[in-house]
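One chain, chain A, links the two complexes that follow: it is found with chain B in the first and with chain C in the second.
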Partner chain A sequence: MWNALKTMWTIFLHMFHRPVTVQYPDEKPYIPPRWRGRIILSRDPDGEERCVACYLCAAACPVDCIALQATEDEHGRRYPEFFRINFSRCIFCGYCEEACPTDAIQLTSDFEMGEYDRKNLVYEKEDLLIDGPGKYPDYNFYRVAGLAITGEGGKNKGEAENEAPPVDLHHLLP
Partner chain B sequence: MSELAHTWTNVVVILIFVFSFAALLSWIERRLLGVWQDRYGPNRVGPFGVLQSVADAIKLLAKEDWIPPFADKALFVLAPAVIAITTLLAFAVVPVAPGIGVVDLNIGLLFFLAMSSLGVYSIVLGGWASNNKYSLLGGFRAAAQMLSYEVFMGLSLMGVVMLAGSFNLRDIVTAQEGLWFCIPQILGLITFTVAGIAEARRLPFDLPEAENELVAGFHTEYSSMKFGLFFIGEYVGIIVISAMMVTLFFGGWLGPLLPPLMWFLLKTSIIIGFFILLRASLPRPRYDQLMAYGWKVMLPLTLFNLLITGAIVLAWGL
Partner chain C sequence: MTTIHIDSRPYIAQDGDNLLQQCLSLGFNLPYFCWHPALGSVGACRQCAIKQFKNEDDQRGKIVMACMTPVTDGARISIDDPEAREFRASVVEWLMVNHPHDCPVCDEGGECHLQDMTVMTGHAYRRYRGRKRTFHNQNLGPLVNHEMNRCIQCYRCTRFYRDYAGGRDLDALALRNQVYFGRHEDGILESEFSGNLVEVCPTGVFTDKTLKQHYTRKWDLQTAPSVCVHCGLGCNTIPGERYGTLRRIRNRFNGAVNGYFLCDRGRYGYEFVNNKHRIRQPLLRKARGAALQSAIKHDALQHIAALLSNGNRVIGIGSPRASVESNFALRTLVGPERFYAGVSEQDNRLLASILDILRQGPARSPSLHEVELADAVLVLGEDVCNTAPLLALALRQSVRTQPQKIAEKMHIPHWNDNAVREAVQQERGPLFIATVAGTKLDDVATRTFRAAPGDLARLGFAVAHALDSSAPPVQDMPDALQELAVTIAEALKTAERPMIISGMGCGDRAVIEAAANVAWSLSNTGHPVELCFTVPECNSLGAAMTGGVSFESAFETVVSGAACNDNTADAAAEASTDVTADFSVDTIIILENDLYQRADAAVVDRFLAAAKHVVVIDHMDNATCARADVVLPAGTFAEADGTLVNNEGRAQRFFQVFVPEGDIQESWRWAQDIMTITGSCKGQPWMNLDQITASCAAAIPLLQPILHAAPPADFRVGGQKIPRQPHRYSGRTAMRADISVHEPKPPEDPDAPLSFSMEGYLGHPPSALIPRFWAPGWNSGQAVNKFQDEVGLPLAGGDPGVRLIEPVPARKAEYFSNVPTAFTRHADEWLVVPLHHVFGSDELSVLAPAIAELAARPYLALNPADAAELGLAAGNESRLQLLRATDGTGYSLPVQLKPELQRGVAGLPAGLPGLAGIILPAWGKVTRLEIGMKQGAPP
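Let's look at the complex of A and B:
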């Protein structure tokens, strides 16, 4: 009996406590900078797509929500013909971002993706691509990679940043 | 003619007031529970969420009114009506203030006890007619609980009757001019409070409903406005029990400065708040604990109170 009364008094005192509720739509919660939210595809500083369609994100994805098809342009650059993320399956684990060798796929802090129609949760490449470089403003994969690119703005092997010219296998000097 | 008009105004105003207060109570209860659990509760519909009960009523009316094919149809429909009728009838004898009140019966207290006992039919019949094992269990529990708590509910009030010398609730209130009965009848107050909570099937004693054991107990199969009637019956039941506690132990409308009606409303609201606090803080006892508590603790306590009161009244010739 005494215990019950003590419990009731304790509960009554909670009247003077501040509610812990965050009234969400009116009052936005703090989102940490490394929040894993809606996935985007970034572009390099030249405005080209960063994605080289290596399929690593699709392979890393534990729920198989990423689908893409690789193709090449006339200069030998690989890019995705289509790139599709089904956000009704995505669990926002961020493995795709970790797997990406060109920092193309990135997770943002947006999480308000509610839709009335399930089909609207399937995002195509146009929906995913953003205009900027995202989290890595200066990084350009083709500038540092050893791959030779033909056509205008192209480069040969050994011409990339921080890259030494290739070793001539037929030369005698060390 | 004017007396008839006066009566009818009383009836209609009190009916509307009780109904709207019962509806509002569902919002007040959720807000208070929220406050005591460090959260807000419903605060979206209207200012502070006051219109939440209106939204709930609209939702309930728009729901499908489903009678299960295996149910006993006549009883199934009758059960929710019984509880709404009995609790409202019980409110008829409550003396709200001088000149305000539906009826002034010379056996008002007995009428209240009779009506609150009849309420058990609603629960038992609802549980029986649903033809569902959880509902039936809820109904059985309700029958046993209400019957055993009914015994000392009546007995706990006999001390008050002895002191006031009347079954008329208005006489009982005027008999408390000098001293509220909550002081000389403290044991009666405690036992009546416990019995009242059990009678209104409020949380520490809501075994007929017991969401986490019996789905929803006796009203598992009910939907739409039939469920709403059970709900209204429960909330009107709380109002009635609180009003009776105020009338019998806390001097009804008596009090300084404020008008009598305000005093009655204030006291009743505080008791209702106390009921909600009980719900917020106390866990539900096991079923055998409930029965043992009723028969082995509360009934002897009531009889003891009766004995002492009788002896004092006899000795001092009050």
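Let's look at the complex of A and C:
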């Protein structure tokens, strides 16, 4: 009896509270910048694909929802031939972003990915790749790595950050 | 055995070994780089530092390199000592100073010894902020990729390439902290063992160039224990698959067979599995003259059932490149009396004689490991560098066996590599090479002898006679040759482990018999002896044990309409000319065999035309398939299970690596399906590999032990199968998501105790079932240390495989007495002998693009004097016409001059595309080809 009255009293008091319901989607909620939402693949500051297809994201993924195949272009740049994320399996844990050595794969604050058909949640590289560098504007893996890249905008041995010019094998002086 | 104290705890250790090897054997994780179980210690990298104490009271101790310190009784060492740990951490930090920032794009990543050791040492953060040293790379050919920036200067590559494998063109260049490992200029690595650099290099300086084209990390590869199919040695391999294609081959350590190394043909020949000419669906020709069309499995089998029901006269042709089980299944399908071996009459005779010699004689066939231990070797008639490359590598080690005594006298332990080499200098044990042409082993040979096959046999017979005077003598031996024979006999007589090596390479039975005579004369005079024969294909001996006469008898049977059961060897005369109308054979079933590779095209054409129906079970669309009425897609070594018998007589099981798309299945399953649909299946049908292996073992007593080649399909560890996929296998829920988001159940495997899954027993399985070498903290292939009881020695539980042939002990063997007459030149005629090429002579590996790039181009080798007589110079076009060829087919070939060829002998590369199907040796005419003669023709 006493409990029932107490409950009714509580409900009565709620009539004078402000409603907490948000009128989504008309009203957008606040999403913190480090929110782990839809995954994207970013580009480096030169506009090239950042992903070098090292497979670390796929290895880190606890639900194994990332599959890719590495290939190399004529300049010696490695990139994914295909890159597939099955978002119907993804748990948005962000391990792939942590594992990524080139800041290519990033989680964004977009969570509005609902689909009626599961197969529409399978994203290929063209669905994932964005035009900008995402959260990390400056990093360019190939500017740091010791690998030589030919072609326009490429670099030879010794031209990466903190690299000495290549050793001249015919030079025997100390 | 002795006791050592590691971190104050006593352990039993092997006396005479080094501390590093013992620490690893005892299960300690001690980092190292330059040491390799097969290459020994040089103490170059300073990474395996430990602390050694004088006695129990010594508290200070001193830092020593574990790899350079011998185990002594009561030795007290510490691995965990803070000073030793700090020392190791500093060393790895120095080594990493110049290491580039490119692990994400490095093919070694994920199985990198440097990564493992860096983690093991605890160096997690780079303090060095200075500039890094860089190098330019070299193009080392289609097999090995070079990325010199990653080098940590451990010298393993040159030690393997030069000291172990005898290569000359890779060396340490430049000086001080700029030492460069490469060639003097860009170019293809000359050694046929260059692929081992990929595994020997502790980091990513040398990586697999074919893998790079379809790169996959080690943790993503589905792997299974397999056996190489590219020569007769049966090296153990680990093929890896991803997304339905085979990605690479890695060495699978087998202490008795290949040890730590593979040849490039075996390592890079795998790409034939991914070839676009693979047959993936059954093909059916509805009517003669119509084109082959793909059909569903049931229709194809119905069609075969219809073929077999009318008349039901069917013969089967087996194959030396198909498994024992597949050959046996075909033999059961057609009946033993209608089963023909898939080799030519000549090969069949040679194989039969090898089998007889090994089975009836007193000489044991050695494993490759035992070849390394031989201290006097006679190679008779076989270019082992090209027909059995890893045997050549073993022989290279055997010449170090005898000089080892010098080092022993000086109390230098065998593992102290540099010191042993210093002590031994250029001293080498006796190795005599008698072959038709020069070999790559000649640089370590004591004496070499070049002659026609008959004369090689005569040398063998003469050696036998010199050893035992009751052996048949050789008439009219030139004095020089007699002296050589006596020298060889002396060397063999005084050796502790003499060995005779011969084989089918020069296609002469007398050579094989001469080798047997040498072995038997040693045995009859009370000396130990081992006798090793090479065979051309992965299951040559196994197929020979399955029986059946050569396919030429089948040609005879079909073409002339002779009675099917008349299959005695002498009925096997050359398939002859007249095609009679009375066919007694309706259908021929050909198993994994391209007859055009083994016999003259015209003869095969006549044979296939004479048969009413031809059924081919094979994996590659080849010339024989093109003539078939029904083609059934067979699985290659990567898509099938079975047993292969190598040249030693060792039966080894290979397991399916992946489930292929389409209707591809094991050949023996096709044979079973045919038997089921025609109702000709006697007894229980074979539901899995074990059942067919069991009936094979029951039917052929010689093959009885193959049952024990590997554990049966119902073998479990703790109720679990052994997973083919590593526990880090990625992408399971995405790799097929583009087709369907509903993930299929992993395929069942009724044939093997391995599963197509990442779930199962993750510990160490029995040695025949090890799908990959991995241990916690050891991601690279060096993890094999953890699978051995004693590092460098056999796998725990014994090396895989069972020997089928053991010698008859203490038996006085009867000598062969048909000594050939000395070779004499014929006027205007040349004895054309086969010259083998490691790249090109093997039918399957040459379908791999990387191997095809290196394959020899057709040529005709002549002695310069002979060539001059014909007015030919190197590079000129010549025309070769074999006397046997009745239809006048000839070959236009550029001339190569080989001074070591005997006059009157011409060499023709064996098995090259365009030169396949020529049975050699044979007599032929060589003429100068005027048309298309090149510039620089002789005057």
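We take it that the second predicted complex is superposed on the first by the 152 of 174 C-alpha atoms of A that agree within 3 Å, B and C clash if a C-alpha of one lies under 4 Å from a C-alpha of the other, contacts with A are read in each partner's own complex, and residues count from 1 in each chain.
By definition in this document, contacts are C-beta pairs under 8 Å (C-beta built on N, C-alpha and C of every residue); 3 or more make two chains touch, one makes a residue touch a chain.
Quantities reported herein were computed from a predicted structural model and do not represent experimental measurements.
In the overlay built on the shared chain, the residue A:70 is in contact with chain C alone; chain B does not reach it.
One of chain B and chain C touches more residues of chain A, and that partner is C.
Of the two partner chains placed by superposition, only chain B is touched by A:15; chain C is not.
Of the two partner chains, chain B is the only one that A:23 touches; chain C does not reach it.
Applying the stated contact rule after C-alpha superposition, one finds that A:165 touches chain C and leaves chain B untouched. Using the contact criterion defined above for the overlaid structures, shared-chain residue A:7 touches chain B, although it does not reach chain C. When the shared chain is aligned, chain C comes close enough to touch A:119, but chain B does not. Residues of chain C touching chain A in their complex: 100-105, 109-110, 129-137, 147, 149-150, 173-176, 178, 180, 212, 214-217, 219-220, 243, 728-735, 737-738, 740-741.
Those residues of chain A lying in contact with chain C across their complex are 52-56, 58-59, 61, 63-72, 78, 84-86, 88-89, 101-102, 118-119, 121-122, 124, 141, 144-148, 157-158, 160, 162-167, 169, 172, 174. Considering their complex, residues 34-40, 277-278, 280-282 of chain B touch chain A.
Across the interface of their complex, chain B is touched by residues 4, 7-8, 10-12, 14-15, 17-21, 23 of chain A.
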